[in-house]
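Structures are listed in the sections that come next.
Each of the two complexes below includes subunit A, the first together with subunit B, the second together with subunit C.
Take a look at the complex of A and B:
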């Protein structure tokens, strides 16, 4: 097993797992409900591990990415509906990530937010143009590891570990009013959505094809899914736990991404703050690049265009034009002046509605012996896969009512 | 499976990826052209590739969206040019000989060549 191959999982975990939505909801979950939502992160993490491993296995075995197969399995009409829904969800997510990076740069440099958004979008386009896929993955993935400062901060503040451990046991806090229960439900749905964002699977499986995975990479695929996502989840849980310990008792509502950076500033001072902001910058930037590429992958795969960043930009021209246009559209959304937090809310909402359509064809395909041969889903993957399909379907059904009943978790 | 074998059109052929004899990706089987009629055997005559071929498979409003995103070109691939059909369709000639890369080539004029590692 080549240790470098593990970086794909690390980037997916850090860049995809700890993105702007994850940051905001982990910090808000901790300050609002203490450690009571840790189990949702843990359970959702197992879900994304299951589906990422499955999508990587399908890519390595069938040599086809999720969106090619989705169209074959769902048919053209339902496939087009899924494409349209996921493009909207991913575009909003990309705009939220772009806005998030611009905010972090604004905190770091004091330069105007809008100017930073334009500079960030240009830098992303340049980096995807210049760097081949593996370099993009390694640059953002490895620099995103600055986020470990949040785990170090948690250790430094000596939290009540027994309460954190208790948070891993599924439960609903006692004594909540109906209004609070609805809000708790909304947070559960939002965390499931943020952890299992559909773009992660599109990016992961397409990345497997970019790197020319075959059956020999199946062990690497499994290890990267488990280790990468596991690391991402621990960082998110650290942010939640820091928030529960530091912000909850002080009645601080960490609804801006910058507030989460203070978690590292409290134990480590100025350098903690800088490391946290750098970690957030690269993690959110990685997620922005992933969402944009995932969207371009989906469109190109659906319409049968040549795609991939393992090719030079001019060797896959329609794919190249697509990701450049998508970044331009995401920038336009940010430049309208819409609040980043509003974008995060919409990204969460749209993504959860798309999730069942994303994962159903993947599940059906991973059980199809014609494509998967001896690598077809075993009893564990099959059981977990259908269990999580049930979970995301329930979350999708509950998402809209909970959103309106709680005013997006703020009511 | 060869082009002469019985095939369940919808589940096994439509929406499959297409590769030419150089292993180059050529697109997706978007529709099929059949020959025959009442009392005559139904035979697969050609594969249709390109978003213009969606017209028979989706409502008009959806076609407008598709046209906006991907155009409406159709390329016809005669069945004689198909070598095998499995989890993908493989051709026995280069895709460019059938006019399969025209849109990609046209888009290429907009992309400068240089600056990428």
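Take a look at the complex of A and C:
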């Protein structure tokens, strides 16, 4: 295990953890329910660690990416349904991320939002075309580390640490009305979905194959998943806690993604604001690139095309055309003028519906000794895997009713 | 069976309803926008924000408020008037004035929620 590679991998995972949905829902969760939803972030983070580690292990030992498994395990018809649903979910997520990046650029430069969306999409296409896979991942992930300013801001505002610690204990706040309980339930589902987005696992496992992981990389895989995502989650929890401390008492229920940047501006002034906006820019940009590539990976793997950024773009022509078309479609969605916050809500909703179908084939393969040999799921991975499969299935069943009953958490 | 159909259609009915309850989400959104606007102007007056960020946020806040105002099923209500008054404020309005609007909308919101 190369310590430099490991450190870079962990830092990339930390910087790339937060995306537009986590940013929005962490800020809203803090202002609406104080510290009471921290435990949902913590539990969901363990879930994404479990499935990321599992998908990395499967990629390293069985050399199988998620969508290849899906077709074989679910059959063609159900596999196609899952593919269609996940492509829609990822496309909406990609549009939300692209819109989010354009918004942040608008906050930073004042340039028109639509123009920024077009420029950003072109820059993304160029960066994926030019940079090798590892550098695509690392450039955005490492620069996303500017998000650490949110953790520094939390320390600077001297929050009630005992209340934050209490937030890690699973509970529902006492004295909520039925309406508030439903809203709390909606936030629980939304946070589970935002943290466990399916694109993260598609991207992570495909990345393992892009980088030609083998059994030697299993420890790096485990450390990156546990430390990278664990520490990344602390950034999301910092955003939530800052919001609970600064926005809740001021009656602010962040309606714009840019409001979150105030969390760093209040203690640190202009430099805090600029660092927060830069962190948001790179973290959301990284997520936009990952969602687009994850979608292209899914389609190419399902239909058995040649795929991967380790190949020159013209050596995998259908894969290349797919990711370019997907970026163009995401841009078209943004150019319709649809609100980024609405896109975030739809991304959350569609993603949670796809999650159980994404993780089931992965779980089944990771338990199959024929493919996994001595790297098959142990008792801990097995228990946690099925526990989280139950959690996401419950969340998927509850998502639509809660969305309508709470008007997307706004009513 | 009838109960299951009712449960299925209740959310749809809620989406299509009119009146203060249907407007509650827009009132809540407008209250938050007013409070965000006040917070931004307060921080800007302390020199903690860049001019570009403040200008951009003002533009988005106003656009969002106009969307909320246009979506109200009862624009001639007390809350409709409050949102309209908020939209009349200049971008650099005093934080206290904006907070006063946010407080009034919060009162209306709380009253409707407990009704």
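What we mean here is this: the second predicted complex is superposed on the first by the 397 of 411 C-alpha atoms of A that agree within 3 Å, B and C clash if a C-alpha of one lies under 4 Å from a C-alpha of the other, contacts with A are read in each partner's own complex, and residues count from 1 in each chain.
Everything below uses one rule, namely that contacts are C-beta pairs under 8 Å (C-beta built on N, C-alpha and C of every residue); 3 or more make two chains touch, one makes a residue touch a chain.
As the structure is a prediction and not an experimental result, all values here were calculated from the model.
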Following the superposition defined at the top, how do subunit B and subunit C come out on subunit A, clash or fit?
fit
Applying the touch criterion given at the start, work out whether A:248 contacts subunit B, subunit C, both or neither, answering first, second, both or neither.
neither
Could you say whether A:84 touches subunit B, subunit C, both of them, or neither, answering first, second, both or neither?
first
Between subunit B (first) and subunit C (second), which does A:261 come into contact with in this model arrangement: first, second, both, or neither?
second
Between subunit B (first) and subunit C (second), which, if any, makes contact with A:410: first, second, both or neither?
second
Output check: A:230 vs subunit B and subunit C. Expected answer is one of first, second, both, neither. What do you get?
neither
Mind computing the angle subunit B to subunit A to subunit C from the CA centres, in steps of 10 degrees?
130
In whole Å, how close do subunit B and subunit C get at the C-alpha level once superposed?
28
Contacts on subunit A seen with subunit B and repeated with subunit C across the two complexes:
none
Contact residues on subunit B for subunit A in the complex?
14-18, 25-28, 30, 49, 51, 54, 57-59, 62, 65-66, 69-70, 87-88, 103-104, 107-108, 110-113, 115-117
If you look only at subunit A, which of its residues touch subunit C in the complex?
103, 106-110, 177, 179, 247, 250-256, 258-259, 261-262, 265-266, 269-270, 272-274, 277, 339, 401, 404-405, 407, 410-411
Can you name the residues of subunit C that touch subunit A in the complex?
7, 10-12, 14-15, 24-25, 28-29, 31-33, 35-36, 38-40, 43, 47-50, 52-53, 55-57, 60-61, 64, 67, 102-103, 106, 113
Subunit B partner, complex, touching residues on subunit A are 62, 64, 68, 71-72, 75-77, 79-80, 84, 129-132, 135, 299, 303-306, 312-314, 316-318, 320-321, 370-371
